[in-house]
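Sharing a structure with you now.
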């Protein structure tokens, strides 16, 4: 127990510059969350987790998320076993109001179109030499849905979970930066100023029946989406049934908060530079960026195609909201719309493709999982 | 990966009409919860769980509660290991006010009498050929206490947990339908209009000491009831001690809500038609119905027997509240009493046998467990 | 299944007078918590846990925390695996305001000085024949920090966790009794009436940056403290970042409450007389008392030493707050200060060494763990 | 199926059930006795005057009943996670809610008698 | 790396992706159809008058749009754990918060129509 | 039992303890130094005027002390799960509670300086 052994038991002794890079990235996440308000509820936990995960642990001591028996290992189990994402979906369901979608079914298809980003990225990943399982997990980044991405990669390619999760959340946070240029590129001013008809009011009855029927449809078509969508629609039923408000309340507050804290922190803590800063990760970030661009484009173009057949034209900006990244992309659509015409309020209409996009990417995840998973 | 394999990976391909029956039952639960207000906090989660559990999962994929490693499997562990029920008892303890019981000790015995339903059902189940363990688990349905029933069956007969839990909660929800006829059958108008003396006020000191002493008595008599009653009285002490209000508050809100969501959902999801719709289940439902009738009758008749010896007569309707099913049966007693005499307020008096019934069935469960369990 | 076997399955049959002693101790804890307001949020759960843990369980039945597969066993896992303490630190971080410490850095050193209690107790324990691992776990009682003590003993000497945890919390609760005499013994009236300069206001920016930098410093110096301090500073960042208030709110309310309930109860339930009432435990309680005395003395004397070099004298009473036991010892300092001079408000100043003491003992725990742990 | 199932090796169902009921009754009976004796142990006499009042004056007794019934109803509404969701929920969102007021009164009471050991 | 990766034993990536997109579209399309049909099944006609109103009167339609936009914004502010923390948080601590008021109104509405099955 | 226990193979208890205390002091000392330097790095000068005020005017300084002491007490009451339950709890149920008011003020402050990076 001399000075040297004390030094060897310290973190400085083992700190590599790669760890420093990651620590700076973690701090950057926190900085962006606080100053730019980018998805702070996720970037702050992830960012601090990245810092913690890059303090070199002592050889053989149960400290890191990868050291079996450590506390962080147990917290990370909720990620590896795919338990946190469905619980977050439960809370999201309990805070999501589907009425705009119920009042404007046409817009749902935009949420489907945006999933082209998932499958083209899947193909691109295969092309770049990833295994089918890995390609599926990378593709889902295009779903722009953090929990879905984490869930699918924990099932298909746990070895890539870190980079996939970080990529997904980074780009979700950057939606206000990524989407607008694409929106301007593919739409004309004339299209951007299209007003949408105010939707009809939705009855309580419709709202209560919806989660049940929607789950049956999705579950029967793609049982692989049962875990995520079962929880999403369960949460929504708790919200709409009116007789379980206290459960919905806990699901969308205490429960989702606790799970968000643990998920964000432990995902961040899993990004040790030595395993995280690899060529694969860089490829994943490139593919992820591409998937967001493709998804946004897909949504917009499909809206324009629909307009060829519709009397009442859709504002193609709404297509960009199909990417989900709820509710950020809907906000972006609203902002861009307002810039063109200060009397054009798209926020509410954008929520329809937005939530449809969540369902869409969950179905896509179910399909990829059931087709590519090894059972 | 051709169309056929896609079809085979879908749920429709494997959906049997038995699953449809269960799905309809699940929807029925939700409908009753919303329109009739029958135990909605349990029937809604159970109902949706039933729907989820009857979407045919893909062969070998970790989806259902029975597929090791699936998310639902992990959520269901809290049921199989008997962890959720004591936590719910913790919350119930933190929301239960024992003062009406403390102010009227005589009525406690009604909560004991009603447990005759447990033991007669136990004998009936043996008679019908169930094993002693199974018979014990089925008998506890007569305790009219969901968590107790789930706890005991997870310990004695996990293979019957689904039907027993569903039966217990269904009949608890149907208490307003089951009990009144029996109450009218066994009581005269003259008895039903008996007024109870307003109880004395209970001092804070009595309330604080009660959970400790009550636990010692029950624990020393039937250690098998330690897990459930330890938590129940612990929660009550948190409530009454006045210095731990914030803990009691969390126990009776966030904590019990989260556990209720997970317990209800996963119990529901465990009712896959193929394993659930069996002759045994039908027998269990018949025995369960009988146990509620016997328990109610036992409580009422015992009250009438007590009246033979008491100067101050007890309103025998209160006996029906001994079944627990807190607080529904107490409400039913109150309602029936009001119908006879609009100035007769039995609700508060009924709470005494009602909570005593919870303790009684927990003791019964402890006895059955310690005597019939294989260790 | 005759009367005898029923009797043998009861608790009375196996109750030993040692259990009675423990049950009385449990009741005493609850009594002190309610009447004297000593750490009620911990003494009430621990006290009731002690009562539950000393009801003799039935041979071979999964009831006690030590019976694998029992519910209490699963709740106790959070203690044995060291999971609860970091979660409590997360909540504490989310409720701690470091600004007084930020505005008066000098006082931080008092929190370091008090840790002498940890290491002298470590030496004392070795002297009395405890193994190095055990000695380290016992020493940390001097940290006056329940979660830290539980965490370290679960890692170094799980066999002593019960007595160490009970000793730590008992003495933390008795801080208002233990510290004042020592404070009067080692300080002159002239010293006790020293007024502290009101601290400068701390900017939001400082508060946000602090948890990140402080964690990096501690983590790099003593990675073994990463688990506890990572969570502590993570919680504090959630609090200060302003954009994650809802997470901080859940962390310092629902989350910490649930964990406190489970930790207190299961630690209490682990104190079965047969394993708890040993000579070792008595030694541990003596050593624990000594450690609190040494820590308090160390803090006070170090403050007096600092005064030899400082123009602006420190009130040496503040040294006693370095023991942490947040916020009790700070309150004691405040009270003693007021008694000498009703215009001398030390509470806020005392919070600085108080929270510094938490960090200090976490570092000490990290050092002891990494040096003495078997990996 | 049949009565022979009621007597199995190591288990006489009827005897066992009798003993089981015995334990249930025993436990709750002891609790009932304890509850009856405790007040005398604690020498609580604040209960007597009230009983006198109610015996001499039935109408006020009825009022009391009504009040107590309402109190219990409130207690159930506030505390029990049962069907009365709209109300429970209201008591979260709506600040003018009567339940909340009652809650406030309750808190005042318990504040009046902070330390239950010295009154 | 290369196109050969797109056709592997048991997996034709392009065909698979097409079918995958097909399922996604299929699922959401069925949901869309269901949503379109349901109101007729439920014979809900409370929507029509409103649409008439908006068609005959655009200005009020615009106002409506604004109101609805505000409502949605409120909904997002209140429910979504997104960046608008200061507001979400305010709605906890601060009782005069406008969001809360809206929340109260919302609760009133839903109280008006307690049982959704009989209106 | 005995001093021989203090020197065991691979562990010299006294030396180890000294180094341990060294690390504890080292860590907290570096933190203290960092805290002392940071404000200068951030060029915060909003602190100076205050110190001037207190030095020239002791009475106001005392008042300030009192206010700060109260503020800290409030902070402890509101945040720490310690014995002051009745109060903590009150701040849940009771809307007129002074703590709540202070909380509201606090929230107002932090709203004034939304982005800490540009003030």
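Labels A, B, C, D, E and F are assigned to the chains in the order they are written; within every chain, residues are numbered from 1.
Convention: a contact is a pair of C-beta atoms (placed from the backbone, for glycine too) under 8 Å apart; a residue touches a chain by one contact, two chains touch by 3 or more.
Everything numeric in this text was worked out from a predicted model, so none of it was measured.
Student: Would you mind checking the shortest number of contact hops between chain C and chain F?
Tutor: 1
Student: A-E versus A-B: which has more C-beta pairs touching?
Tutor: A-E
Student: Between chain A and chain D, what's the gap in Å when you average each chain's C-alpha atoms?
Tutor: It comes to 49 Å between the two C-alpha centres.
Student: Approximately how many whole Å separate the CA-defined centres of chain B and chain D?
Tutor: Roughly 18 Å separates the two chain centres.
Student: Please work out the Cα centroid separation of chain D and chain F, and write it as a whole number of Å.
Tutor: That pair's centroid distance is 45 Å.
Student: List the centre-to-centre spacing of chain B and chain E in whole Å, with centres computed as mean CA coordinates.
Tutor: Inter-chain centre distance comes to 37 Å.
Student: Enumerate the residues of chain A that touch no fewer than two other chains.
Tutor: Where chain A meets two or more other chains at a single residue, that happens at 1, 6, 34, 37, 40-41, 208, 221-222, 242-244, 246, 249, 253-254, 257, 260, 371.
Student: Pull out every residue in chain D that's touching 2 or more other chains.
Tutor: Within chain D, residues 11, 16, 19, 23, 81, 83, 85-86, 89, 95, 110, 114, 116-117 contact more than one other chain.
Student: Residue numbers of chain B touching chain A in their complex, please.
Tutor: My answer: residues 1, 5-6, 9-12, 15, 23, 27, 30, 33-34, 37, 40-41, 44-45, 48-49, 51-52, 55-63, 69-72, 74-75, 253-254, 257-258, 260-261, 265.
Student: Flag every residue of chain C that touches chain A in the complex, lowest number first.
Tutor: 81-83, 86, 90, 155, 208, 212, 215-216, 219-224, 226-227, 230, 233-234, 237-238, 241-244, 246-247, 249-251, 253-255, 369-371, 373, 375
Student: Touching residues of chain A toward chain E in the complex: what are they?
Tutor: Those residues of chain A that touch chain E are 37-41, 95-97, 100-102, 105-106, 108-109, 111-113, 115-116, 118-120, 122-123, 126-129, 132, 135, 195, 197-201, 203-206, 208-210, 213-214, 217-218, 221-222, 242, 252, 256-257, 260, 326-328, 331, 334, 343, 345, 347-348, 351, 356, 359-360, 363-364, 367-368, 371-372.
Student: Hey, which residues of chain E end up touching chain A in the complex?
Tutor: 1-3, 5-6, 8, 11, 13-14, 16-17, 20-21, 23-36, 38-39, 42, 44, 46-47, 50-51, 54, 61-62, 64-66, 68-69, 71-73, 75-76, 79-85, 110, 113-114, 116-117, 119
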